[in-house]
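Structures for review follow.
Presented sequentially are two complexes of chain A, the first with chain B as partner and the second with chain C.
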Partner chain A sequence: MSNPKRTVSKEEWEKKLKQVKINKSDINKLIMNYFVVEGYKDAAEMFQKESNTPTLINLESITDRVNVRNSVQSGEIEKSIEQVNDLNPEILDNNSKLYFRLQQQQLIEMIRAGKLDEALQFATEELAPRGEENKEFLDEIEKTMSLLAFADMSDSPVSQLLESSQRQKTASELNAAILESQCQETAPKLPTLLKMLMWAQKRLDEKLIYPRINDLQTAELVVPNQEKK
Partner chain B sequence: MNAYYTVPGGSRTYNTSTRDTTNEKPNKYYLEAVTSVNISHIPLPTHLNFRDKGNHIQIDGSRITHMYNATNNSDDVLEDVCLVRSNYFVPPSCGLFYFELTVVTNPRNSTTALPFPMAIGLCTRGCRKDGFLPGQERDTTTPQQIIVYGYGYESTTGERLCGSVQGQAYAPSWVEEGDVVGCCVDYVNDRILFTKNGANLGVAFQEVGLNEGSKNLFPSIGLSQPEQCVDVNFGHVPFRYDLTQLVSECRSSAVSNIISQPSFNSYSCPLSLTDVLIVSYLRHHGYADTAERFIKDAHLNMEMGDQDDQDTRNRREVVQKIIDGDMQAAMEQIELYFPSLLSSNENISFAIKCQHFIEMTRHILCVDEDEMRDEEDQVMDDVMKFSHVVAYARSELVPFMADQSDEESENQDETCDDDVEDTMTQEDIRRRERYKKTLREVFSLLAYKDPTRSSVSYLLQDERRSELADKVNRAALKHNGRSKVTALEQIAKQSKMVIQALASAKDTPITSLLSVEDLLKC
Partner chain C sequence: MNFDIPFLKEANEQAEREVKKYPSNYLYNSFRNHKIIKVSEKRNESNQNAPNFTIMNESNIEHNASIQAKYTLSDFTGVGYFEVKISSMRNSGVVSIGLAHDSYHTSKQPGWLKSSYGWHSDCGRIYSNSGKGTPYGPTFTVGDVVGCGYIWRTGDLFFTKNGDHMGIAYKKVPRTNVFPVVGMDHSSALVRFAPPFIFPIEELERQELALNIQDVEKISVKNDVMLSLVSEYLAHNGYYNTFVSISKMSGQDIPSGLKCRGCAVECLRRGDIQGAKDAIQQDLGSDFFSKHKPLEFALNCQEFIEIIVKGGGVDEAVDFARTKMNVVTEEVTQSTWFNTYTLDQFLGLLAYTDPYNCPLSFLLTSEHRLEVAEQVNIYLLEHHKSVSYAANDTKRRRITEEECSPVSLHSKLEYLLKQLVQTHSYQQRSLMKIEAEFPSSLDDDEVDDDDSDNDYY
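Moving on to the complex of A and B:
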């Protein structure tokens, strides 16, 4: 490298970082936004009470989304499909990928419950035709069916399908589709903040050596190992 | 800058220095609309440049007038066309820039009664100042390749001008006196658009390659007829157009630009990460019930140790008591849950006791309003109560002023270390001064019959309680050896700092619009 980059020491950076002011009420708003957009009504209500953060919208208006989310997260996929169709049948009609996701989740729930006959019937009658229309769907179907190959499904290489995070993911996609149909903001701002940080740090890497946050969960400042004093 | 200059072809001199200095913030309303902390240090166009103008143009502060030049008595209209550029070019790193003009006088042709052309727009340094309106000139030396000298919006036809005297249909005309037109150059979306009388006229030029090469664009105004006169506004007075709409549009496309960066798609932000960050933030600040509801709502597998849970709830209890104004109970709970916190932290101890004093005073005043009693009894009663409050202050608050407080004798940090004492003195004195000032403030509450309408009414506001609650919460966290800042807050701070560093390195037009607050406040 012809032009050596300037290095900012951890002490110097931390000193400046200490002076950066972030209002707690702003962070609270960010969290409230997450609760409202993602449809966590109870949490939003309690948060309003505990932190005095305004919700900006009537929480009752998110009840429909909350019900759909709860159905998905408790594994009642058929019910959630009915609820979405009651809200607006076009949501699933116009979004074949999302509808597939729900069907896949439905299959996962059948497998989880040990309803093997039902699962096989559902897979051949409902899902297999969809795999023909889309290669990506086919991969997903095969992945899901491979759960059946293991007596103890937690040993399966695709065991993450059974985790609650899978339900949460499906629920969030469905939630975003409902929001979109209502012409509302579909993405909470918190993940944007995280992405913004990763993007900005990467850009600044080209100009400067400075303590960066590599692990967002701990948010620890780490000096890149080029210089260790 | 020269204070005096001569109008070419004329003999009058104008003093500009007074005008320039009267406005400390020539871009005030622009900066307010953009509300970006990142662009304050970049030079922006602030006024028209009297050294960079066509022959006939006269500048007087923010007003520009076409002055007929008697020595140049030509019938050719083009001869009279001229333009003026701003002092600085628009720095691409500002992301988006906007300026306006107001038509002051616009004479008509005496026979046809038609108005004469004007134009608002942006020009490079290279274009000629006489003979063309902004956007009309084109480079004729390289016919194969169009070199654009500027962009304009013409007044009589409403056409947009780019590299040709012949414009293209765009928007309505703006020939009436009092018409306000604006020009916005948007580096984030690579486009130029105009406004008229507060309405956005839509994009005039798209994908013009604003970021390519070093094409510095100067806000420019062109006039063509004697006595035409306009006022230009770079934000020293409010704009007619509500710029904030455009700014937020720009900002969201900046954000989506980032999120859709190809190098970035590989990094997905797992939901579980945001959930973990939120839960630890909620627990840190003692929002225990919210944390619990969220964990349940989101079906999270997040067990917390009994000890963590207890700690969160303890802090929450203390915080709640402070917010409710029950300082006595708060102090008792602190003693119970965080023993020695009060005795080791003089600031916190003083702040809580002051608040207790305020609450006691408030209490006396509230009771008075509610209860109707014999006046004499009431006076006696008040005296009793106030003397109780004063007694409290004397025994609990005044000792903090002492140089060597007996109360603090348990405080290991301050009493046992002789070496430290000298270096601490300065700090100590300042601290005592602070205490004295606060004490004077809270005591003055007693002087008013209705303190809620006094100059110290802020002492009775709820914010004071929540600020104190926050302070105590942080002290309690520190007391239990926990970090004072949550990962989420650290992330927000780091983002702000990194983005500021990028903006001052003039990185990309995008960064200037991405302050963390903007994201938070949207």
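Moving on to the complex of A and C:
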């Protein structure tokens, strides 16, 4: 005699959705928070002018973080390490995982530039000892080195290491570490809200059959068990 | 979960307002009717809305009666829990406490059948789909307070005795199988579904909240997805310069017409109507307004308002109205703009010496101005879309579905946030056991769908 889960039709759901009012200025604050935490200084300044959204911190303090991020994003890892140490040597001292991630990125950049001798030397001298301390590091070193096995590295199963998204990931981690050392919030609110959306939908799935958003990028409502057109 | 975000708070409050239309005991758990076990409500000193219950099996023949609660412990995303204090028992009798699926047999102790779990007082063993059980903890008897808890995140099921945690009895118990059950033969007990409990549950709840938040953080939202959503928001709302400043990172192309639309909308937001008109004509042609009369009319109405806002006299306003707002061709009167705001409303402002304190004062607010900016934004978006659609048509390119559909009123980011609010709101409503959805259809006659109210087992 269990109660079957109730279903909410797409029409009903969309009708209610129309009534949900979210203040544009609240969203603008979230966007500003995203720019500031991620270190997009130009965007923050522009957005402040265009949308009249206030920033809560002095945008100049972002410059240091921006310089570090830019170094990483243009592949100049050694430079970024110098910059971080200038800011605060404790950041990398206290975070061996982050330091390893930077070294791994250095290796990737050498491989990308075709400097294979340099890469091998770097891997042997700098990375191998780290790999001995920590199995996770060893796995990552092996993954990275496996790129060399392919004449065309884009054929490699780990080819995403060469993509700019990998640099972005490294840059974000470094950015978060700097923010933490400055006692600022390390994560922007917007991605957390989207994560909450995914989590909240999963939770509601237990009680209700309703139109869900499965893909954040398209933001399309899909009713489960229905064929998507 | 408590997130300090304005629109989530609003969703919470709205759900709470809706629930006030229902009797307050809909919020908390209670027992289903039972042929043999008698239930009576008692006051909960600490929480007026959550009754406590006395349950009593006075029958001398019917052993192994078990009574089940209406609602499941899996409603609680942290820790679901209830407690039973045994008031009286017959010699060599059994009382048991546990959880089961939602239509458990009324004359079997919890744990004997499938999809049920129980701790029995006589032997201290725990049972799950078994007649024999396994050793677990001490026995319990009259005067003891035993509890049963369920951790939503992991599915761990545990028992407590007189405030002490007895250990995890079962792991990964499915969320469909956790309706409270109390088994009793000739005995009576006091049951609580809401605090205060003898067992200190707050610490466990705090832990679970932190762990749940960790689980949320672990969900992956890729950086490039985030950037593309932010870009799309900026483009949709006309923030041209900001869009350009992150376009290298987001990899998004600058949509055609964004610069002009951004400029026009920005002027509108500031109340510079002429600036907006200039921007539009510069990009789309000086004859644009002659082909888009409703838009021109809308802009003129706002210009009229701006005259009043800037303190221009009645004469100036009337002159303006006579020259610019007297175009009432059919095209204009058929437009949605004309039907949302009637001409009378705008002109009515002239009737008041203090327009800021009249019923039409909403027209003078910045909210109204922003709304107008929004609508013009959408209008221009649609225009650009239809223009590029027509251009592709002549190139005989395959027309995509996206091109056929109307421009969405909101950016994807906004839809995602709305979905978050709505999902949260429906979750709150389900906790408050509201079955009807629309406020207009909430009658007093509409009772919880749970039919078992009327069935006597």
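Everything below uses one rule, namely that the second predicted complex is superposed on the first by the 224 of 229 C-alpha atoms of A that agree within 3 Å, B and C clash if a C-alpha of one lies under 4 Å from a C-alpha of the other, contacts with A are read in each partner's own complex, and residues count from 1 in each chain.
We take it that a residue touches a chain if its C-beta (ideal position, glycine included) is under 8 Å from a C-beta of that chain, and two chains touch if they have at least 3 such contacts.
Keep in mind that what you see is a predicted model, and the values were worked out from it rather than measured.
Colleague: Report clash or fit for the pair chain B and chain C bound to chain A in the combined superposed model.
Modeller: Clash: chain B and chain C overlap once superposed on chain A.
Colleague: Could you say whether A:E12 touches chain B, chain C, both of them, or neither, answering first, second, both or neither?
Modeller: second
Colleague: Considering only touches as defined above, state whether A:S172 meets chain B (first), chain C (second), both or neither.
Modeller: both
Colleague: Of the two partner chains, chain B (first) and chain C (second), which one does A:A43 touch, if any: first, second, both, or neither?
Modeller: Touch partners of A:A43: chain B and chain C.
Colleague: Name the contact category of A:W199: first (chain B only), second (chain C only), both, or neither.
Modeller: Once the two structures are laid over each other on A, A:W199 reaches both partners.
Colleague: Where does A:K97 make contact in the superposed view: on chain B (first), on chain C (second), on both, or on neither?
Modeller: Neither: A:K97 stays clear of chain B and chain C.
Colleague: Is A:K115 touching the first partner chain B, the second partner chain C, both, or neither of them?
Modeller: A:K115 sits against neither chain B nor chain C.
Colleague: Just one of 9-17, 153-161, 171-179 or 333-341 in chain B runs into chain C once the structures are overlaid; which is it?
Modeller: Here chain B runs into chain C along 333-341, and the other listed stretches stay clear.
Colleague: Touching chain B in one complex and chain C in the other: list those residues of chain A.
Modeller: 13, 16-17, 20, 22, 24, 26-27, 31, 34, 40, 42-43, 46-47, 49-51, 73, 165, 168-169, 172, 189-201, 203-204, 207-208, 210, 213, 216-219, 221
Colleague: Which positions of chain B touch chain A when the two form their complex?
Modeller: Those residues of chain B that touch chain A are 255, 258-259, 261, 263-264, 267, 269-274, 276-278, 281-282, 285, 287, 289-290, 293-294, 296-301, 316, 466, 470, 486-499, 501-502, 505, 507-508, 511, 514, 516-517, 519-522.
Colleague: Taking the complex as given, what residues does chain A use to touch chain C?
Modeller: 1-3, 6, 8, 12-13, 16-17, 20-24, 26-27, 31, 34, 40, 42-43, 46-47, 49-51, 73, 165, 168-169, 172, 187, 189-201, 203-204, 206-208, 210, 213, 216-219, 221, 229
Colleague: Under the stated contact criterion, what part of chain C meets chain A in this complex?
Modeller: 3, 5-7, 11, 74, 77, 101-103, 175-176, 215-217, 219, 221-226, 228-230, 233-234, 237, 239-242, 245-246, 249, 262, 266, 370, 401, 412-424, 426-427, 430, 435, 437, 449-450, 452
Colleague: Which chain A residues qualify as touching chain B in the complex?
Modeller: 13, 16-17, 20, 22, 24, 26-27, 29-31, 34-35, 38, 40-43, 45-47, 49-52, 73-74, 164-165, 167-169, 172, 188-204, 207-208, 210, 212-213, 216-219, 221
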